[in-house]
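What follows is a pair of complexes built around subunit A, which joins subunit B in one and subunit C in the other.
Moving on to the complex of A and B:
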């Protein structure tokens, strides 16, 4: 279509005498259909997040959807090239601050390999507990927004309130409520406070009891089921082809969880069950994270039981640690949204040569235009948010 | 306007008040009193209780309760009192304000939070007043390409239509603004205005999201009016009247919900849809179309629409009570008026109050009927508010499917039940009621 020239006849230059213009190669003028209405959903729309969806609708049906991320690009990867391995920690967790332990996990694993550090056994367990707690915190936030996207205000308030339980726990553990900066190369920043195991067990048990109540008001709600069943179906083949990860992939019937498939730290010693649903619709995609939370509670209980009761949690580092010459490493973990990878290249200096985050949000977003095509406008929020997408992470 | 707080000084505020009072008194003396006396020259004065009504006499009434009571009673029989104060707008607005407060606190309790808390001493009871003041003080922004006269008129029309709806609701025996024989038909006529006003407001805003919201509202209201009307036919058949006061009076033994539960359920669901309450709040679905047809409304225009919405909610709840729950009928719980207050007066210690010959402004029946009506309406409003905490929003196709197939079918079932009851002789002449 490149080089399309608009001549004097036609719709596009009516009234402009003798005006011809050449479009840049690769662009084509779009014919406007009278029936089609273009909606700009975002970035200042209550149903979009920090991004824009250009949605074309014909009546109540979505003809095309063009996601337009990039409104919150902060250059995290470039920033990482100017800071040493320790100073990179606080800003690399910024893309997903409510999942900050998991977003930092692959970077910490990778830099440990580059710097050649061994991690104490107890630190590995502490990391697993922090990571699972943080996964629950993330999913609760996600669930709250899913609730309000469906117009269910109780489901916005309950998870937002119950999330405080785990945030308090993380505050005891790390000293910060949201941005923990707890994982460092060589372990975790500080040891658990005294009596943490009992408090954690009690809180997690209560949390599990509480989220099981959500089924009655939300997941078994007939209106919710009627609204989200059979909407935005992502088949197993498509889910693999688009490269989706995490809950989206598992909701489409693919048994894929990095905690089981590529266990890192101490996950191989723990019994992790992968939740899989066959349907691949919005309902399955919204239920898998909830099942993941229940599974996280199990993992936390196991980790608390198997954790060494005492010992070091951090290997002492030299100031300004350096890599050993030209080296690169790719590590990935299962975050709240799916497999989150981090590729670190070192050239032997105190700063990494390149840090690349391979984020699950962007991979899940790729499926969105295909899921929304032909759907009703009322399904847009539920399908969009069921993809477990966090705009800030996709933009980095 | 926006910087009230930093420059506010109490002394200057009081000074401005005193200034205003001074100017008002000055204007009254220089313009008001001469104008009154000029008019008194021209107009013959009415004779009340054998005395000529002069301005002086009118002022003495303020100090004399025996003189002012007949005036108040005379005022209470006028239409302006009925429209503005008791069964009309003031009463409805008071109940609507109570509804908003109860809704916010109840929803907050359901969702494990506090709700309005700081405004006013007790549980944020003045929050609504604060919100109203905020809305009044906000700038009204009109979209540049809007059809301005219609866009301005739509919120006012909305409140006017809601107030007209309120006028049909009988609160107590004889206490109704518009006691017309075709009352129920009038109610349907007024309900028919709401989709028109909604689409006018939405279309005149010349914006995409209000337009979609307006179309959705149109779909929803028009398609739910049919089951709404059909569900009430059963009651009309059993009563043989379209007058809402007669329908309420006919339920002195049994409320119609006992015989027509199907119709009551259909009416309740259509009521939720007509009111755009959750789970039928599609025209205002915020995650899809921002705020639907309210998106471009700002400041007090939005406030007026909210006022109209809650007046409409009260009116629908009142209609449900009148048609299915027996209106003002109920056990007599209000004590009779103490008779000695009329004749001899009551002596409490050193003080003797009365006698007040004109005192019982309201009869015992009227007070009891109003109490029963308010209690029942409050219960219905509670059940209208409750789904907001429990259900998510449904979709347009599900909504239309519900309205056009299930509810219309159930409404016909209800009509057959009513006919069966009539022909079997259970109700009607010679029957129970």
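Moving on to the complex of A and C:
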């Protein structure tokens, strides 16, 4: 003790306990209750993804939660201002690589309107099939992580393995297993391979049979129900007020699906059924994506049946297509997480003037602090991941 | 449904899988089968031909050194550089051809779409790992070689489930 004070006297005298610091104007020290402990979950914690949750707990109960996204910001929107309409494709699908067709969909729809391109009928059906397959791939990945968050290892292994059935189809269709770069303004990059319809139908039918088996082991499992039922309840009014979308909104009893409400491409001609649950708890939010997958299988079968058997899949573009002057367009689609919008402003140049993505992940995250207040800390992963949140997309 | 029956059903659903065949692929011994010969592009119709987007293949007798692939890659990955080749070609007066750095390539295939002379295609070769960064840079001479890719495994669906075989 004596040695310490003699060697570093000056240093220790500065930080006397009870001394008042003069803070810069505009800043105030936070008052800390002694009962409350602040816990950082993330950004390297596997239970949060690439983001941080600042959780304040009193004993085992969460008092407040402050989500802190922004660790994987890549500047996608700024990058889009320096590349032409075609070269924007590979980087704009990076925010959600396993849902890459859906992430690109609004951008492609918007740039088609700006560039004034007509899309062949067959290409629209190919897009719907690719988009629905991608939705299933995304939800399977999400479900695998939801399983491991709840400590259910089987539910991690099964979706991760069964995803392969659909990834195999996407690989045959587009040539890549994750980042497909398949949609372009004017259609899709390549036609379906020969004999694809039969292979697709067989694998999708088997996939549907397979995911129905998840009910016994996961969704009807009393242990899962005990852990997720009545946790993190989001009421119908709150769900609308916070602006949540997708499965979170449908789990709170709002019948809202852009494929039905604002049909794009050929969704008008397909029979799409919206799954709605009234509970608004974690269990409902985890079950709605599973019901969506079953619905996606139906849509794929319908699209395969109604698709024109031959024809062009891509309108030939001029090199370096341009907009017709000052123009702006907003398009949105139903992605695996909810409504995903893209706002494009063109000033008649080769590059878009501005590309703004309105992402569902960020909208769903806004509800998180209100869902976690009063919950037990052990329920945090299940409530957090049930929001269908993807950190990279929120930061874009 | 009672708690006990629910748990027994869940267990039963898992136990059934002990008798099922393995679905996963034993990768180095088995390799996936792809459709076609790789991603190709037909500039006359403006539509690609479905196939796996793997390592590129360059046809020296078609390449004119127009740099369109390199320009396309500038906005994506900056993986393509135009380099001098020792041979002389009638259609390629400057003797420059693309050299691709697979440490940067994202396999989007937009370079293939950009080529108007049927000179650049993609093949099924995906085993490109190397011990050094220099080993990932493929010169025009290396890109000329058509790779051999073993393809033996496909998803098969039977009444007892799906397998790779």
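We take it that the second predicted complex is superposed on the first by the 368 of 396 C-alpha atoms of A that agree within 3 Å, B and C clash if a C-alpha of one lies under 4 Å from a C-alpha of the other, contacts with A are read in each partner's own complex, and residues count from 1 in each chain.
By our rule, a contact is a pair of C-beta atoms (placed from the backbone, for glycine too) under 8 Å apart; a residue touches a chain by one contact, two chains touch by 3 or more.
What you see is a predicted model; the values in this text were computed from it and never measured.
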| item | value |
| --- | --- |
| Touching partner for A:213 - first (subunit B), second (subunit C), both, neither | second |
| Subunit A residues touched - subunit C or subunit B, whichever exceeds | C |
| Which superposed partner A:164 touches (first subunit B, second subunit C, both, neither) | second |
| Subunit B versus subunit C as contact partner of A:348, first or second or both or neither | neither |
| Partner chain in contact with A:311 - subunit B first, subunit C second, else both or neither | neither |
| Contacts of A:39 with subunit B and subunit C, given as first, second, both or neither | first |
| Partner chain(s) touched by A:116 [first = subunit B, second = subunit C, both, neither] | neither |
| Touching partner for A:86 - first (subunit B), second (subunit C), both, neither | second |
| Which superposed partner A:70 touches (first subunit B, second subunit C, both, neither) | neither |
| Subunit B versus subunit C as contact partner of A:374, first or second or both or neither | neither |
| Overlapping contact positions on subunit A, where the subunit C interface meets the subunit B interface | 154, 161, 217, 221, 223 |
| Parts of subunit A lying in touch with subunit B, wherever the complex brings them together | 37, 39, 45-47, 60, 147-158, 161, 217, 221, 223-224, 226-227, 376-381 |
| Subunit A-facing residues of subunit B, complex | 107, 110-113, 208-209, 212, 278-279, 281-282, 285-290, 388-398 |
| Subunit C-facing residues of subunit A, complex | 82-84, 86-91, 154, 161-162, 164-165, 168, 171-176, 179, 181, 189-194, 196, 202-203, 206, 210, 213, 216-218, 220-223, 225, 312-317 |
| Interface residues, subunit C side, partner subunit A - complex | 1, 3, 6-7, 9-10, 12-14, 23-25, 32, 34-36, 38-39, 45-53, 72, 75-77, 106-110, 113, 122, 155, 157, 162 |
